[in-house]
Structures are given as structure tokens and as C-alpha cells.
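A, B, C, D and E label the chains in the order they appear, each numbered from 1.
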Amino acid sequence: MVSAIYIIATGLGAGFLIGLLKDDRKGDAFFLAVAALAAMAWISVSWTLALTAGVAEPQQIITAGVQPPFAINLRMGLAEAGLLSVITLTGLVSAFYLRPALMQLGRRAAAVLVILVMALSGLVLTRDVFNLFVFFELIVIATGGLVLLSNDKRAVAAGFKYLVVSQVISVLLLIGIIFTYHAQGSLNIDDIPAQPMAFTGAGLALFLVLIALVVELKPFPANGWALDIYEAAHPGFSALFSAASATTALYAADKLFAVAGPDWLPLATGLGLISFLGSNILALAQRSDRRLLGYSSVGQIGLVLVVLGQRDILGDAYLYVAGGILITHAIAKAGLFWLSGLVTGRDLADWAVLRANPVLVLAFASFVAMLLGLPPFAGFYAKWDLAHTLVAADRLPVLVLVLIGALIEAGYLFRWFGMAMKRKSAVAFPGFALDKVTAVIIAMVAGWGLGYIWGAAGAHPNLMLATPLAFALLFLVLEPLPAWAKNLLAIAGLLGWVALRYPDYDPLQLVFALVMLAGGAVILLASFHVRGRRLGFYPPAMLMYAGLAMLIDAQTSFQFFAAWEILTLGSYFLILRGQDSEPHALSYILFSLGGAFAILAGFALAAMGIQPFALVNLAAIAEAGLAIAPWVFVLLAVGFMTKTAAIGLHIWLPGAHAEAETDVSPMVSGILLKAGLFGLWLLLIYMGRQTLWGVDLTHVLVWIGALSAFLGAVLAIFQEDAKRLLAYSSISQMGYALFGLALMNHLGWLLALMFVINHFVYKSMLFLAVGGVKERTHTKLMYKMGGLITLMPFTFISVLVGIIAMSGVPPLSGFGGRWVFYNAIMASDLRLPMVLIFITGPIGFLYLFRLIHTIFLGQLKDEHRKLREAPFWIVLPQMLFVAFLIAFAVLPGMMLRRVDAYIATITGDQALTWSGRVITSEFGYWNPIAIAAVIGAIFVLVLALLLAINHNATRVKQFNIVFSAERPYKPQTTHFAWNFFAPYRKALGFLESPVVTTFWGALTDSLHASADFARRIYTGNGQTYALQVVAFVVAVYLIAMGGVS
Amino acid sequence: MYLVAMAAGFLLILMGLYGALTHRNILRMIVGFTLADSGVHLVLVAVGYLPGRTAPILDSAVPLDEAAQRIIDPVPQALVLTAIVIGLGITALMLAYAYRLFRTRKSLDIAEFTELKW
Amino acid sequence: MIALIATTGFALAMLIAAVVALRTRATAVAVIAAGLVSLFASVLFLFLAAPDVAMTEAAIGSGLTTFLFFFVLGRIRRESGHDQ
Amino acid sequence: MTSRFTLRNVAVLTLLALLGVAFWTLGSGYTPDAELNRTAAYYAQNTASEIGAQNVVTAIIVTYRGLDTLGEVTVLFLTAAIVALVLGQTKAPRGSSGSGFLPSGELLTTGTQMLLPIILLFGAYVFVNGHLTPGGGFQGGAILASGMLLLLLAEPGRRFGHRIISRVESLSGLTYVFIGVLGIALAGGFLDNRILPLGAFGSILSAGAIPLIYALIGLKVGAEFSSILESLEETEDA
Amino acid sequence: MTFEWIQIAYAALTLFIVINYGLIMTAVVRKIGARVGGRYGIPVWQNYIDLVKNFALRSKISHGVMFYLGPVFRLTGGIGLLLFVPTIYGSVMFQNFSFAGDLILALYFIFFGTLGMALGAGESGHPLAAIGVSRGLAQVTAAELPLALAVFAISLQYQTLNITEIVAAQQGSIFNWTLFTNPVATVAAMFAFVGTMMRSPFDVVIAPQEIPIGPPTEYHSAYLALMQTNRVLFPVAKVVIYMNLFFGGATNWAEFSIKVFSIYMVSVLIGVVHPRFRVEQSIRFFLKWGLPVGVLAILMV
């Protein structure tokens, strides 16, 4: 192996060599710089590889031929090697990225760049505290120089502010160093003994060193200077500043915190939390892209500082966790800054230009996911392990704060992504420089690669090797194919997977697999109607399906959670594709991530540090009656209920489902919601009833279910938008299912399961039908339609069957659900929530009638006279569903019976008796075939009677009778559709008042307002910034001292 | 003696910082920082001082075998030497920046360079 | 004892010079006063048995730095056309 | 500075007073060592045998903490480069260079021409003897630069050999790094001075590579200082 | 409870009896109403005349498939409702098709006709029909609520959803009737009863005294005949459910006719003395008075 000292020697040598060149030989200077950086990168990477493979041992490098502490020594271990690789590679790519700017500024700039990378490397390697200072100053000066690479005139002021603050820091650092030396008799970091947190003598000296290093990390709120650099500097340099400088500074702090001992770690934790939360909140109010990235960098470094504060409990996992977050952040942030160089405008919405290149969109999405620790990236594994360790060590508050911060970060990052995807670009398409695009792609590939490595290195299964995910990612490569080919492959993949896994499933899994995956394949049939390549549809769709497939297969909490996040991410991108879906997709992902974090906390709480945690073990926790059990229950239930859109957590759903594309709405409604039910199901099966403060939590769930069912239905009847109506109806239906599940009896579960199947079928069908109508009429507003029955007869039939099934009118399958439902509540001892459910039934009937009436009946609009039936591929799956509904109505036993038997094995009772075609419960009985036969027979007889009397009736125009064939001037006045249930609104309109929306709105508004107010501390005055740094140090000093005494 | 130097050094640091944090003129801020730097250097050297010993030079006045008993701690001096040079580097850089800033606005008031904020 | 008094004296002188550097209205005076502070400091270094440091501080701290200041000051003065 | 007692000033005073409390705690808790601590004791005992330099500070700077010094030299290199960069983008109006605060006259010009060789020689002396007496590369370099300063003062309009200065700067830097690397190959590690014989203790050609290194440092520092001074003085062609 | 072919004949017989009974009863009720109001009123066979007349009319007009099917749905709903419920307790002949399902089936099947009718009326394209549908649905959903609660209360009380078993539990003495064992539930159910019989004060949906409005606006001739049939059949079928659940059922046709008539008269009597409600008023009424009683019924079981 080449000694790491050559990284420094190469950097310096190249720097000086460039100094030898003539001024006009800029090309040579650039070449030299790149060669040096490449050599440094090669050394770093080869060390990393060798250390990982176990070929090499960590190396202690002595200088001057004298042993430490008498001479400066360096150390090359795995952590150092990894960070050096990040630093040097970022430097290398940034060098190419900066090429035009470097050429413009001359050879000196190239030398400065090389020396900066050298200094960063030195900072990582050195084990001497004063040497640390020297490298710091080198970095400061080099940064001061490279800020000038920017074309932004404001960069000069930013550089000066940076220097001013650095001066303050160096004063503190030097004082701290010399008194530490005095106390320990050595400058070697490893000679600093662990010591209690104290504010005299050695302790105070150590405090000064530590706080100086922390201030170097640009902690909120003492970081205005750094933000200015991020905003004004050349993006190529900002990438380096964020990815390499911040990373290095963090490692420097880490070295000293490591020796200072566990007593000092709370300091890191506290400051990290403040920084993470504070800067993320402030970022909310930010509209400038690079400044936003700056805030995000500060926040992320704060997060790693929090991790650093947990090194006492992380133990061996420390490198894995901290490294996972730190390196992922470095890559993602470098990538984002490089991306920002491709965008000419500085407003967040200007990133819309990226849409010109799908690869860049993918990169943007990847970076956002990386920053947020979403699977399959490295941060995900780190986040998971961190949460588990925190909880196991009883540091739940830290976890809560971290998750809140992460949620806020998700807020602005996804808002930004949404803007980029949906807004109109204010600036013209610039055409992207190939070298810059290459840099971005390199970062993206590195991020994916790192995700793979982390997956392979950790104790968890490597997500990237999971077949469903790999299959979904395959579609990224297949994007150039035409849509029909991809669709074919997608359907084959889904069906193939079900066929493959089918033998291993228990009946419950089988039902969900059939609904989610096979059902998904049916819905995908509708996607054949789209022509062209349909870029950006299949990867997210398949990502969602992959998540669902993995969810069903999940054995451990890790697999479950990973699958959960994958399907959330996939569905987010899918929803975002809708026309006006930007705000709705955002609230979807935020609620989903909030829910996911609750799940994470719940699993972490349950696992108590032991991994892997099999889902089955939830039962053990419940049985043991541990005090945490109800909390686990609450957290998991809340998480799952965000997905089922239980009332209070539902506000994302209507918009998200309504604005989605025609074939996406059924996916996210009919299928995605079931994921939440699946989770709840497992939770209730494993944990059963839990009591918290004397309240049976399943009773709470029953109430929530009933309220969701009721309010969802009430809101649905007031909608004018057909898809929104269906969306609210989904809330209601999921409320029913939740209600059934939470009843905790055999029939309740069966009821929920019937809802899983039925809701999937009729909601998919209805969404497809309404979507088909929208394809033709180009509106979703029902009062703009009317009289479409003759023009779109097949769609009408599917809506008709759908609403009969859904409202529970015999003989279709919905009735079976109602019957099971009544029997289930008879077996339960809860009374009041039933009332709500009873009210809901008829109300559900109201909105469904409205749907069919205002679209298909009544007067046809003039502009719709020439409409054709919906596209064949949209109608086809509807017809399949119609056939299924009828079959399921008559033969519910074909699937239910197996599941019923399965549920019986869990609940231990046999609630239903299946004899022949009669299904008997403790209370009543139900003979589907007889019902269908009787009704059919009567219907046919009556119809025959009417036909006999009135067989030659001829169809007349709609205006013929009442209007005496005089067409009224405006046909729309004759279509009674708008505000259809006006009496209800008069009587029950108060239920429509958007309490929940107002609540969440007020929450986010107040966050935004406080962010907008608080960020005014960044006055832009360099002196004020320096003052803030001093104030920060003094405040920490006083608070920490107060904490110690 | 070392206490005097140390006290003076600390005072100088505080005074320098006061100047740097209150003067709005950029050049005066830099002057403040050079004062603070001098103070830091003083404190550093004072820490290495052992009463009654001589400079760490092993000439005829200091026999080699008694060196450990005769000379003061040389390490802080070496550090200060480095610190002084680095301080000069930063000061020079800040001065260059000050000039550059002056060229953009014809002003040296730090409060005027606030285009970047929030 | 003499050394102590001398040290104290120089330290006081240094602090006075620092006060001048802070309080004076003229930047040029401030710069010179700062140079003086460095010079006094280098004397203190001599008392603290640090001849290397003393030389360096004198040459760099009080010498070169002051000139750097004056060069910049001069340029600024020339370009603004009036006293700063 | 319109008012002495603005809110900012009071805030600064308060904060600094609190910071002063921390300093006070440090200072009042400080007791000088009775004996040299182990690091310093090691240097006192072993410098002569290991390094062969009389001036322990020099031994520390050039060898024991050679990496610091290399960094330090690099700081100056960077500063020189960046000051040139900073000012390079803003050209001063032509014909108006010169510091403007000292009149340059015949006397000064002549005096400079006489003094310059002596100054340069003195500088060289200081850094070559760095391992024996107080002083060394930095001080010597500063002295070299003062010669340059004089030239600048004497002949403001004249341009000096940028090329030469930067060549000297870079070459000495390169050699410095090269010697450091030689240390790995021939002796105990990077920047080990024992690539050359230690020689007789106390003589000018002793202490291994220290005189060489210090000379390089001196040249480099001198060149860098000169370059900084020159950049700040005039930048029309920087 | 198994099916035999003879049951079809029995069901037809039930149907025949009930239709005739309904035709006569509704006419009698109207006549009583007229006499109370000091008018002479219609002859008791008036309904037969109307029915025959309407069946005899030949119409050439239809607005479309759903329009055509609307009355079919409507009548199917009425017949089905009757036939899914045992008419005479203890009689093998008049068990009808109650083996197909229990109380829940009956409750939900009420909507079948409503839905079909609403769809048919909707396709007629007449805005007044749509307004009628909207009002009717809005009102009926609120009105049915106390019934649902009451039904739930008594199924809890009797621990069964089987109508026959519920009736069986009420045999023996008049005080075994739900009316006496669970008066609250009965009151709640009667709220719903009054609300869904389409009589004043809850008859704004069809509002016979004003302009032609309501779902049947566009219907005529044979369509109307089917609906008229249903109009006499359906209330009786509904009353039968009430009778079975709350008033001890009927063990023979005599008891049947007395009980049905009495229960039916409840809504008539209330209608005579109350002015008509607007729809939102009746919704509020049922939520304010019917719902609490229903909730009370559930809580008291």
C-alpha cells in the first residue's frame, strides 16, 4: 500500500509545481491538478478497498522518524480511508466541474484547489491537535480563495465574513489547545484522557477546543457566514465545501469527542439537535436553492453531530451509522450542488428546467431520497440502526427530535422536488453542459453504490438484492422502451411474482398478495391506453409494487419497514405525476413519512436493541405484558393509520387520489391503502388488545374507524369533483375496515378482509370509470357532465355495479360485507361507535347515487353529444371487475372460506358455519345464491310483465315530455347536479368545516412564519455573524456549566 | 511574570475582539483581530514559561545533560511561531478582501455588505 | 524583580497602545498602534525567554503586517480621494 | 462609531465579559509546571542526539513538528496565491501605484541599492544559522522580504521579477516536499532530517537536513512575503 | 329452512293476499282521512280502478334503459322485501323465502327499490325528478337511522338476527312484545316508520298538492301501474317488518290485518295533525329526536 503521507505530499508537490508554471499555461496547471487529485483519490480508494477486504491493517504513520507524541503522527484506518475517498473523489469531480472557472482564474486557483483537498485530507489523517489547527487554517484560507471562483459578485463579501468568523474560531481553538497541552503534556490527540465535563483547567481547555470545532461545523444559529458561502460560491466549490469540508470538520470534532470521553457527548447531542432542528425549520422559508442546500447541509451535519453524541451507546455500529449518514449526505449534497450549476435560475421553482433530462430528474430524486435516509440508500440503514440504539439506551427524546427534524427536512426537500416536477420553468431550457451532467451522474451512481455497500456491510438483508426492488429498478434502464412493452413486462412481473410466491403464503398473505399484486396487474391493463414511452411512470409504479411485494413477504421489522418506505416513495412519485397534484403529493409524502417515523420508533421500541426483530416477536412483547407494549402499539397503529388515512390524518388523501392519473388513482386508492390495513392487521394479530391508562386501545381504534367512516362519507356527499368524492369515500371505507379489525373478533376480521377485497375491486373500478369519463370530458366536476349513459354504456354498467356493491344493497358482494359486519358488531360489546357506523351506511348510499346520477343520468351537455365510450383498455379491467363482483357476490366462499378457517386458527373460535351455500353465524344466516336467485327471478318476472304491456315503447328525446319538445335555451339549467344534497348541507354542513385541515394548516403555517421570522437573525452583516458565534460559544458555556454544577 | 503576560494576553484578546465586533470599518475590524492574535501569542508563550529557566537553546550556557532542568518548554514557542505566520497569512488575505470589497462599494462599512442574508 | 517590573511596564504600555488602537478615529493611527502592540509583545517574549518568537513577532507582527495595512490603506485612500 | 453605548456595544461587552470569565478561570487555575512535561523533557534530552540542533525550537519546528511547518509554509503559499487572485480581478488604476505614504526620493533609491545586498545576506545568515541561534527560516524570510519592501518603497513604479519570485517560491517548496519524502525513503519517516549526517553538534553544517530545510523555508517565506507585498502594492499585471 | 318448489306457489299466494290487502287498506285510509276532513272521499275500490286503467294505457314512450327498468327495480324491491320476511309466524306456507337471509337482508333490500327508482327517475332527465330524488334520499337516510339503531338494539336483546326467532321470543303474552320489553327501541323505530311512509309531515318528496314533482314525475301508464302496485305493497311489507320486530308478529291473517292496519294508522294520524317539513327540517328532526332515542335504545340493552 502507498503510505497515506503521499496524499499530503502529492497535494503539496502538485501545488508548488503548478506555481512553477507560466501564467498562461492554465491548461497544464489544470491537468496537473487533476492528475494530483486522481493520485490522491487512488491512494485513498485503494486503502479503503484494502481495509474493507481485510488485506491491509490500519496504519500509524510517523513523521520525522520519531514516535508520537514527540512528533506529529497520522493514522489511516477504515474511517479515515473512507472519508479520504469521499474528499478526494469529490475534489476530483469538482475539479472537472470547475474547469471553466479555474481556467478563467488562472493556474493559482488550480493550485489552491489541490491544496484545499490536501488540507482536508490532512485534517482527517492527523492525530495531533495543533496540526489539526494548521490544517484548519489552510482550509480556511483556501476556502477564502476558492469562493472567488463564483461569478456572483456577492461571493467576495461572503468570503470576508467567513474569514472574520474563522478568526474568532482560531482564537478559541489556540487558547484551548495550549491549555490542553499544559494539562496533558502532549499535543497528541490520543494522549488526551477521557475526563469528566468540567469548566476549570483541563476541562475548560478541552471545552474551548471542542466548541471551536463545533463552531467550525456551522451550527445553527451561529452559521450565517457559512450560509452565505453556500449561496454565493460557485456550485462546484459549494459541493466541495459541503461534501468535503463539512465532512472533514465533523471528523475532526469526532476525533476530539472520541478522546474527551462520554461525559462530553451530551454536548454534541444537544448542539447537534439544535442545529438539525433549527436549520431545517429555517430552511422552510427559503426560496433560494443554494441557500436551502446550505441550510440542509448544516442540518445534516447537526444530525451527524447527534450521532456522534451517541457513540457511547452505538459501540461498534458507530462507524456504520455515522458513516452512512455522513457519506450519503456528502454524495447527495455534492450532487445537488452540481445540479444547481445546471440550473440558471436561483429560485427553487427554476429547477423545473431539469425536466428536460430524465436522468437529471432521477438524480434529483435519488439525492433527495439519500438525504432523507430513504431506502435503498445507505442513510436508511444508518437511520434504522440509530433509532434502535437510541431507543435501547432509553434516549427516546433524542429520537423523537431527530425524527421531527427529518420530517421538516422532508417537507422542504419534497416541496422543492414537487416544484421542479410541476412548475412552469421561468427560464428557458439552457442545454446542459455534458461535463456537469457527468458530475451529477457520478454522484448519483456513487450514492446508489454506497447504498449497495451499506446494504452488504450491515447486519440487515441487502435491499438492493431483493428481487422485487431489483425488478423495479430494472425499469429505470428500460425507460427508453415504448410504454406497452414496459407494461407487458410489469404485468408479467407482478403475476410471475405472485405465482412464484403463492405456495409459501398463508391465506392472509395470499389475499393481500392477490389484491395488491395480481390486482395491480389488472389495473395495469388500463395503462395500455397510454401511447408513447410514458417516461417516469413505470419506475415509481414498480417501486410501489416492489414495496408491496416486500411488505407481504416481510418477516422482520427491518424488512417490513424497508418495504414500507419503498412503497411510500414509489407511490409519492406516482402521485406527483398527476396534473395538479403538487401540494397533494407533498402532503401525502409528509404524512406518510411522519407515519413511517412513528413505525420506526414503534419497531425500535419493540426491538429493545435486539436485531433482527421478527414481527412475530411483537406477540411475545404483548404476552410478556411489558410496559412498552402499549406504546409500541400506539406508534405502530398511528403509522399504519396515516396510510389508511384515518380521520385526522386524512387530509392528504382526497387531493392525492383525485389529482392522480387515470390509472394511478385506482392503484393508490384500491391498492396502496391496503398496505396500512395489512400493517394494522399484523399489529392486531400479534399484539391483540393493549391498555394504556386504563383505556383499551382497540376501542380507540374502533372509534377512529367509526369516525373515519362517518366523516369520510359526510364529506364525500358534498364533493363536486367525482374523483374527490371517491377519495373521501375511500376514507370512509378504510374507516369501516379499521373498525372491523379493531373489533378484535373473528367476524370483525373477516369483515375487514372482505373490505380489503371489495374495496379494492369497486374502488378500482369506479376510479377507472370516472377516469375514463374524464379522459373524454376533460373534467372531473360532476355538474359539468350528465346524461352520459347512452354514450358510455359500459362505464355506466361498471359504475352501477360498483355502487350497488359498495352500498351493500343485495344481491351484490357489498351485502356480504354488511352482513358479516352486523354479525361482527353483535359479537362485540362496544355500542356507541356503532351508531356512527349506522349513520354512515345510508350516507354512503347518498354519495354513490350522486356519482351515478350526475354523471350518467339527467341531461346531456351539448358539448358532450359526440363523446365516445372510454378507451378500450380502461374499460377492460372494469369489465373484469364487474365479472368478479358478480361472481364474488354469488360465491363468496371461494376465497373467504379459507381465510375464515385461517382466522379461526388465530382467534380460536369458529364464528361461521359453511354448510352448502348457506353461511350461518351465531346470530343469523345468509344464502347468497338464494338471494340472487330470488331477486333475479322476481326482477325477470316483473320485467316480463312490463315488457308484455309496454314492449313497443320508443325512445324519445329527453326534452319531449316536460318541455313539450321545446329545448330550453340553456340545457345545463335542466341538469340538477350542483350542490346535489343541499338539504344535507343545510342540516349537517357544520360537519364539513375543515377542522383537521385548519389544524394541520395552522401547524405548518406557524412553522413557516416562525422560520421566516427567525431567519432574520441572518442579517447579512459579517460582524453580527461573528458576534453570534461569540454569543453561541458563551451561551453553550453558560448552559453547559449550569448543567454540570 | 508569566501571570502578567498571560493576563495581558487575555486582556488583549478581549480588547481585540471588542474592536473587531464593534468597529464597523472593515480595516479597524482587521486591526482588532491582529490585536487579538498578539494576545493569543502572548498567552501561548506564557504557558510554556517556567520561572527561572533559560531559552531553549542548547549552547554553551546550557550543558546537554542538564538541559531538561535548565530550559523552558520549547513547544509553545514552536507553536506560536507557526501561529504568527498563519496569522499574517489570514491578515493579508483579509486585507486583500477589504480592498476588494472597497472596490465594489467605495465603502469599508461592514454593514453595507449584506446582499446575502436570510 | 526588575524583570517583573519591566514586564509589567511593557505589558501596560502594550495595553495602552491597544486602547489607542481601538479608540483612535484615524485608521492609520490605529494601524501604527497595533504595530506598537506587536512590538511591545515581542519585548515581552524576550522576557519570557522566547527569542525566536520575539524575532518573529517583531519582524512579522509589527513589521510586515503594518506595511500590509499601509499598502491597502494607501490604495484605498488614493481611490476614494479622501481620508478614511 | 457614532455612539459608544449602542446596544451592540453593550451586548459585545457583556459577551466578552462572560468570555473573560472563562479566560479568568483558565488563568487563575493555571500553575506553571515545576518540571518540563514529558514532551518538552523529551525534546530537551534528545534533541541533541536525535536532531543535532542547538536550538530546540528549531528542531521542533523543522523536524518534530515538521508537518506543521510545511503546512505553515503552505499557508503563506496559499495566501500569496489568493491575494493575487483577490486583487488580480480588480486592477488598480494605472500610474497610481505606490503606497503613497512615503515619498520616494533619490536618497531612498540610492540607499536601497546599497542596503539591499546587506539585507539579503543578513536574511540568509539568519536562516542558515537557525539550528544554532534564535531565528530561522521565517525570520530570515521576513528579512529578505523587507529588502523587497525597501525596493518597493524606493521605486514604486518599477516591476520586479515576478517570475523569479514565484519560481523561487515554488522550487523551494517542491524541494522541501521532496526532502520530506526522501525522509521516508532514507530515514525514519516523512521530514526526517537524518537523511544527511548529523555532523558535529553546534557547527553550521550539523543537524542533518535542518539547515537545508530552513534555508528552503527562508527562501520560500521570503518569496511569499515579497509576493504578498507586491500584490498588495500593485496589481496591474498580477 | 330449505327450499322446496312449492314455496314459490306459497309466495305467490302471500303476494296476492298482501297486494289486495294493500289496495283496500290504502283506499280505506284515504277515505277515513277524507271523512275526518269533512269530505266524501274515494270509493274503496278506487285503487283497483286506477291500477287497471294505468295497466290498460298504452305508452310509446321511454327515456332509456334505466328509465324503463326503474319501475321494475321498484316493484322487485317491494316484492322482494315482502318475500324475504316471514309474513305469518308459525305458518309453513307464509314463511316465504326467509331462508335466504335474515333481518339484515331485509333492511338492506329496502334500498334496492329506492335505488332503481332513483336511477330511472334520473334518466328521465327531468330536473324536478332529480330534485325529488335528492330530497327523498336525503330524508330517507336520516329517517332510517333510528330504525337501524332500534333493530340493532333488539337483535342484541334477542341475541339473534333471525326474524322468526325474534317473533318467537315475543309469543305467549302481549307483554312479551318488544313494544313492552323494549319500549325505547320501539319508539325509535316508530320515528323511522313515520319518516319513511311518505306521509305528511315527511312527504315533501312527492308533495302531491303542488306541481308535479318527485321521482315519478315522468312516469305514466304501465310504469305508473307498476309503481302503484308497489305503492300499496311496499308499505305493507315494511309494516310487516315492524310488526314482526316490535309487535309480536302475526300468527294468522286476521291478526295480520288488524296489526298492519293499526301500525299504518300511526303514520296517518301523525300526518293529519302536522304541517309538512322541508327536507333539512326533517333531517334535523330525526337527528335531534330520533337519533337520541335510538342511541338510548342501544345503550339500554
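Just so we're on the same page, a residue touches a chain if its C-beta (ideal position, glycine included) is under 8 Å from a C-beta of that chain, and two chains touch if they have at least 3 such contacts.
Remember, predicted model here, so these are calculated numbers, not experimental data.
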**Complete:** Shared touch partners for chain A + chain D come out as B
**Asked** Which pair wins on C-beta contacts, A-B or A-E?
**Response** A-E
**Request:** By CA centroids, point me to the most central chain in this structure.
**Result:** A
**Complete:** Taking each chain's centre as the mean of its CA atoms, the one lying farthest from the centre of chain A is chain C
**Asked** Distance-wise, how many Å sit between the C-alpha centres of chain A and chain E, to the nearest whole number?
**Response** 53
**Fill in**
chain B to chain D, mean C-alpha position gap in Å, rounds to 14
**Prompt:** How many angstrom between the C-alpha centroids of chain D and chain C?
**Reply:** 18
**Prompt:** Distance from the CA centroid of chain D to that of chain E, rounded to the nearest Å?
**Reply:** 106
**Request:** Pull out every residue in chain A that's touching 2 or more other chains.
**Result:** 130, 134, 137, 141, 144-145, 156, 175, 179, 181-182, 187, 1027, 1030
**Request:** Would you pick out the residues of chain D that each touch at least 2 other chains?
**Result:** 1, 8, 12, 16, 19, 23, 26, 30, 33, 37, 39-40, 43, 55, 57, 64-65, 68, 71-72, 75, 78-79, 82, 86, 89, 134, 138, 228, 232
**Full enumeration of touching chain pairs** = A-B, A-D, A-E, B-C, B-D, C-D
**Request:** Flag every residue of chain D that touches chain B in the complex, lowest number first.
**Result:** 1, 8-9, 12-13, 16, 19-20, 23-24, 26-27, 30, 32-37, 39-41, 43-45, 47-48, 54-57, 60-61, 64-65, 68-69, 71-72, 75-76, 78-79, 82-83, 86-87, 89-90, 132-134, 138, 202, 221, 228, 231-232
**Prompt:** Taking the complex as given, what residues does chain C use to touch chain B?
**Reply:** 3-4, 7-8, 11, 14-15, 18-19, 21-22, 27, 30-31, 34, 37-38, 41, 44-45, 47-53, 56-57, 60-61, 64-65, 68-69, 72-73, 75-76, 79-80, 84
**Item:** Sites on chain A touched by chain B in the complex
**Value:** 130, 134, 137, 140-141, 144-145, 153-154, 156-161, 163-164, 166-168, 170-171, 174-175, 177-179, 181-182, 187, 224, 227-228, 231-232, 285-286, 291, 1015-1016, 1018-1023, 1026-1027, 1030
**chain A-facing residues of chain D, complex** = 8, 11-12, 15-16, 18-19, 22-23, 25-26, 29-30, 33, 37-40, 42-43, 46, 50, 63-68, 70-72, 74-75, 77-79, 81-82, 84-86, 88-89, 163, 166-167, 169-171, 173-174, 177-178, 180-181, 183-184, 187-194
**Message:** For the complex, give me every residue of chain A touching chain D.
**Reply:** 3, 5-6, 8-9, 12-13, 15-20, 22, 61-66, 69-72, 105-106, 108-109, 111-112, 115, 119, 122, 126, 128, 130-131, 134-135, 137-138, 141-142, 144-145, 148, 156, 175, 179, 181-182, 185-187, 199-201, 204-205, 208, 1027, 1030-1031, 1033-1034, 1037-1038
